[in-house]
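Heads up, the thing below is written out as structure tokens.
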Amino acid sequence: MLPWYQNIPFACIFLCMISGIMMPLFKSGKAAFHLTLCVSLINAILAGVLLYFTAKESIRFVYVMGHFPAPWGNEIAAGKLEALLALMFSSVMALSLLGGKSSIHDDILEPKQPLYFLMLNLLHASMLALTYTNDLFTGYVFIEINTLASCAIVMARDTAKTIAATIRYLVVSLLGSGLFLIGLVLLYCITGHLLMPNLQEKVLSLVSTGKYMEPLTIVAGLMTAGISVKAALFPFHAWLPFAHGGATTTSSSVLSGLVLKAYIVLLIKLFFSVFSIELVSALHVNDILFVFGIIGMIYASIKAIREEHIKRMLAYSSVAQIGYIFMGLGLGTKVAVIAAIYQIIVHAVTKPLLFASASRLSEVQGHEKSLYRLRGSARTAPLAGIAFTLGGLSMIGIPLLGGFMSKFLLAESAVLLASPRQWAALLSLALSSVLNALYYIPAIIAIWSPSDFMLKYQEEGKQKKNITYSVSAFSFMVLVVLTGCASTPVSEIISSGLSLLGGASL
Amino acid sequence: MASKKHSRFIDWVNGDTAEKVHEYKFIQKTVPPHSEQAHDEVISTRKARLFNISYEISAVLVCVILVAVLLFTVFNLPLFGSAGNPASNEVAERYLEKGLEETGAVNAVAGMILDYRAFDTFGESSVLFIAVGCVMILLMRDKNNISATEDSLEENERLIEIETNDPILQKIVLLIVPCIFLFGIYVILNGHLSPGGGFSGGAIMGAGLILFAVSFGIDAMQSFFSIKTFKAITTTALMCYATLKAYSFFMGANGLETGIPLGTPGAILSSGLILVLDICVGLIVACTMYGFYSLFARGDI
Amino acid sequence: MPIQVIFEFLLIISLIICAVFALTSKRLLAAVVIYMAYSLVMTVIWVLLQSPDLAITEAAVGAGVTGILFAVTLKKIHALKGTKDE
Amino acid sequence: MSDFLQSVIAYRFEIGAVILFGIGFINLLLQKNLIKKIISFNVMDSSIFLFLASQGFIEGRIAPIITGANDASLYINPIPTGLVLTGIVVSVSVSAFFLALVQRLYKKYGTVNFDEIIMLAKKEAE
């Protein structure tokens, strides 16, 4: 018998799966919503317990799916880092559900709501599976689940616009999974394994003998490219603003905050558990990520400045934030990867807050979306205004908030480098912070300044109470402040978790 | 006396067909609104044209480079068809040599996908389930997806279907469909013994259902296969799959015996869970395939 | 060259021809039918590669059910010429 | 030259798969017609499967239906076959989803041309 807590990763994945499978049997969206919420909360608690135990004993354990250990059967593995990320996925999922409850009701037809929650549950399961998996082919299967489910939650709103956005999203995702799959196939051809520990052993032995080096380089390139396409790295980001900006609030929060991150988590596992960070640097894969990350940071910020639609502005900001993460990965040192993971967590708690607040603000102002027409909405819904302000300030990088800490860690890791890259990274961080300020500050000023629109909707808007939103906004705000103040324990967990992830040096 | 149903066939044989009575209304085919200029507008502005050209050039470039790189890689790969390539290592050997006693499946592929690497296969069934859910969200008729003209068109089509019921087709389908089903069931039940398995057998049975629906019309189909049956079968089968697999994963990881007998290899009732899982997958796939067709054709099941 | 290798070459070349013609043909129905032919050639290749499981699946799905789904969609988007609703 | 020819003959399936991958990839990027986009996606996926399955094939061995001796040197590698089987299911599901999207878009915009749809959607957003 294993210690009981080691069953948690398996239990979490199957809980989501089974509750997802049950969804079509529900008649009303309400029951489906409550079950989904319960499952995410239970998963968050379980992930917290797992984090406690793995941090206490400082271990990373392997859970065999079936009777056959590696290299014969499927496996999942969990350590501190995985537990922390799973905690993030589950809790942000639960809070996004709460934050977008009223818009789900408005945007999605009643008979289709259970199907919407089916997608959310399976999306949740697939994100957990991508976090825990120790097997690359399982990774591929769950990438596909992730793709289909996230397309489904975009189009669930069922307007022509969102369906057109979905088809763009789908085409780009299919390109990405095609590239990933052919990389995986080539990797299987030269190593003969699919499980990460065996793959790593084999890859390192190939490197030491110098055999199949060209295919290995190409494999690393193709798999990284495939995942980056799906995670909306710069030249492949064009679909994102329309998909994230047009979907219902919960979908936008989950897509921006979590789904993009799930792919990056798989990429990090690929870098550490299959290749090793030294090998990735030696193959120059991360140089490309670095360049495109920086371009993405600057370009998306400029696009966001010119955007009038509030949700699309936030979506462009997501592209920029993804650029930060890829820049961290591209720096190619362990410290930088820790900073990138910290950025993942910060962005995962900040962006859903911004999306939920933006939708609350537009809800009290007659469902208007353009920044001009949202003037003064924060006076009608002060909590949403405060939440939006806090989230925006965190994105700009004001001290004591999460965004500052992640930028600080990234800058710190760049300073440690002794190459021209250092200056590129520092300069672009400074420039993009300024650019962030250039679009968040006007937006914040706009929502607080009084206008005719505000007077028109004020009476009506004040009557629309939204308790679930208040709960979720409040919890998100606490998390944003927490990630800003208490970064040391979190980054310590990330750092020791990364060391457990594998990656014996060359 | 021949029944009314067959009278047209008899008439046809005798060579004097009764004049057809067109009961259905004639409705003009409706094409959704589509502005003719749309195509010209796509490439109207100079900026857009420039973007298009640069996009096409870069796409071709990327693709050429990709193919060149992959071709280069291919020549550096292990030789095709040789026994010594890295892919046929101890893992494949174990699946082939020990598979029979460990999983009880004669077909090593079935043993591998439903026992050794069952988690992947569970994911795969979920993909199918998600896809049918997506199609339901998109195509089920509801407030957003309905119009009066389309409804009448649909009704019209149904009437045409009834009108043109072809007795020859129906007779032959009545002969063929049981054979298709028999073959599908054979493929499913022998998944662990011979090539095939849940997915291929299910697809065959789904094709049989579609053939039946096409030739006999919706009403005949709905008398035994409605949306309720569809939901009940897919959900129950997938749930069954999930619980069985969860049980076996849990027991396996904790080092306990599942207590499921493997039986004699080669017998139809053998190889433990694989047979049950094959049946579950087969049911899911058969329903899903018919569900796809029905949703595509009518927006309902 | 053994006769089987020549046969395999023929099959691969016909796969490529099918793919090119399916993607360049003017009529969508022709494209879909050629794609189904592609699937059938693929089925033969699976048999030659000693994977009967894949052959059965490809025949049932690629040439069968997918083809039906394509055809129904073509009907819905009014891309079939010479059918009843024309 | 004969060396090159020899390796072309030896790697015939892989080369064919790569060419098909290229055809599928470029058409997925450039094809305007959505139906053809779906076909090119299917071509791309099946080329990857062909590549994978050809790597599992071993000259002179038979399909892994273990009726005779438990000797691994008689049968081909079963792993690629299993992986491809999973992959085929995934690609069928994706095609069905894609086709359903095309139907809905046609009902709305009256066209299956990707560029026109994107343009009309953008216009609507403004």
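In order of appearance the chains are A, B, C and D, and numbering begins at 1 in each one.
As a working rule, a residue touches a chain if its C-beta (ideal position, glycine included) is under 8 Å from a C-beta of that chain, and two chains touch if they have at least 3 such contacts.
In this text, all values refer to a predicted model and were calculated from it rather than measured experimentally.
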Worksheet entry | Winner on C-beta contact pairs when A-B is weighed against C-D | A-B
Worksheet, complete the sentence: Distance between the CA centroids of chain A and chain B (whole Å) is 32
Practice prompt. Please report how many Å separate the Cα centroid of chain C from that of chain D, as a whole number.
Written response: 12
Fill in: Whole-Å separation of chain centres (CA-atom averages), chain B against chain D
17
Practice prompt. Could you tell me the distance, in whole angstrom, between the mean C-alpha positions of chain A and chain C?
Written response: 39
Worksheet item: Listing for chain A: what residues touch at least two other chains?
Response: 137, 141, 144, 148, 151, 155, 163, 182, 188-189
Practice prompt. For chain B, write out the residues touching at least two other chains, lowest number first.
Written response: 31, 70, 77-78, 85, 87-88, 91-92, 95, 107, 109, 117, 120, 123-124, 127, 130-131, 134, 138, 145, 195, 197, 199, 292, 296
Worksheet item: Out of chain C, which residues touch more than one other chain, so two or more?
Response: 51-53, 57, 61, 65, 69, 73, 76
Response to the item:
Listing every touching pair of chains gives A-B, A-D, B-C, B-D, C-D
Practice prompt. Would you mind writing out the residues of chain B in touch with chain D in their complex?
Written response: 31-34, 38-39, 41-42, 56, 59-60, 62-64, 66-67, 70-71, 74-75, 77-83, 85, 87-88, 91-93, 95-100, 106-109, 111-113, 117, 120-121, 123-125, 127-128, 130-132, 134-135, 138-139, 145, 193-195, 197, 199, 266, 292, 295-296
Practice prompt. Enumerate the contact residues on chain B facing chain C in the complex.
Written response: 29, 31, 107, 109-110, 157, 160, 187, 195-197, 199-200, 203-204, 206-207, 210, 289, 292-293, 296-297
Item to complete: Would you mind writing out the residues of chain D in touch with chain C in their complex?
Response: 9, 12-13, 16, 19-20, 23-24, 27, 31, 33, 35-36, 38-40, 42-43, 46, 49-50, 53-54, 56-57, 61-63, 65, 76, 81, 84-85, 88, 92, 95-96, 99, 102-103, 106, 112
Response to the item:
In the complex, the residues of chain D that touch chain A are 21, 24-25, 28-29, 34, 37, 41, 44-45, 48, 51-52, 55, 79-80, 83, 86-87, 90, 93-94, 97-98, 101-102, 104-105, 108-109, 114, 117-118, 120-121, 124-125
Worksheet item: In the complex formed with chain B, which residues of chain D make contact?
Response: 7, 10-15, 18-19, 21-22, 25-26, 29-30, 54-59, 61, 63-67, 70-73, 75, 77-82, 85-86, 88-90, 92-94, 96-97, 99-101, 103-104, 106-111, 113, 115-116, 119-120
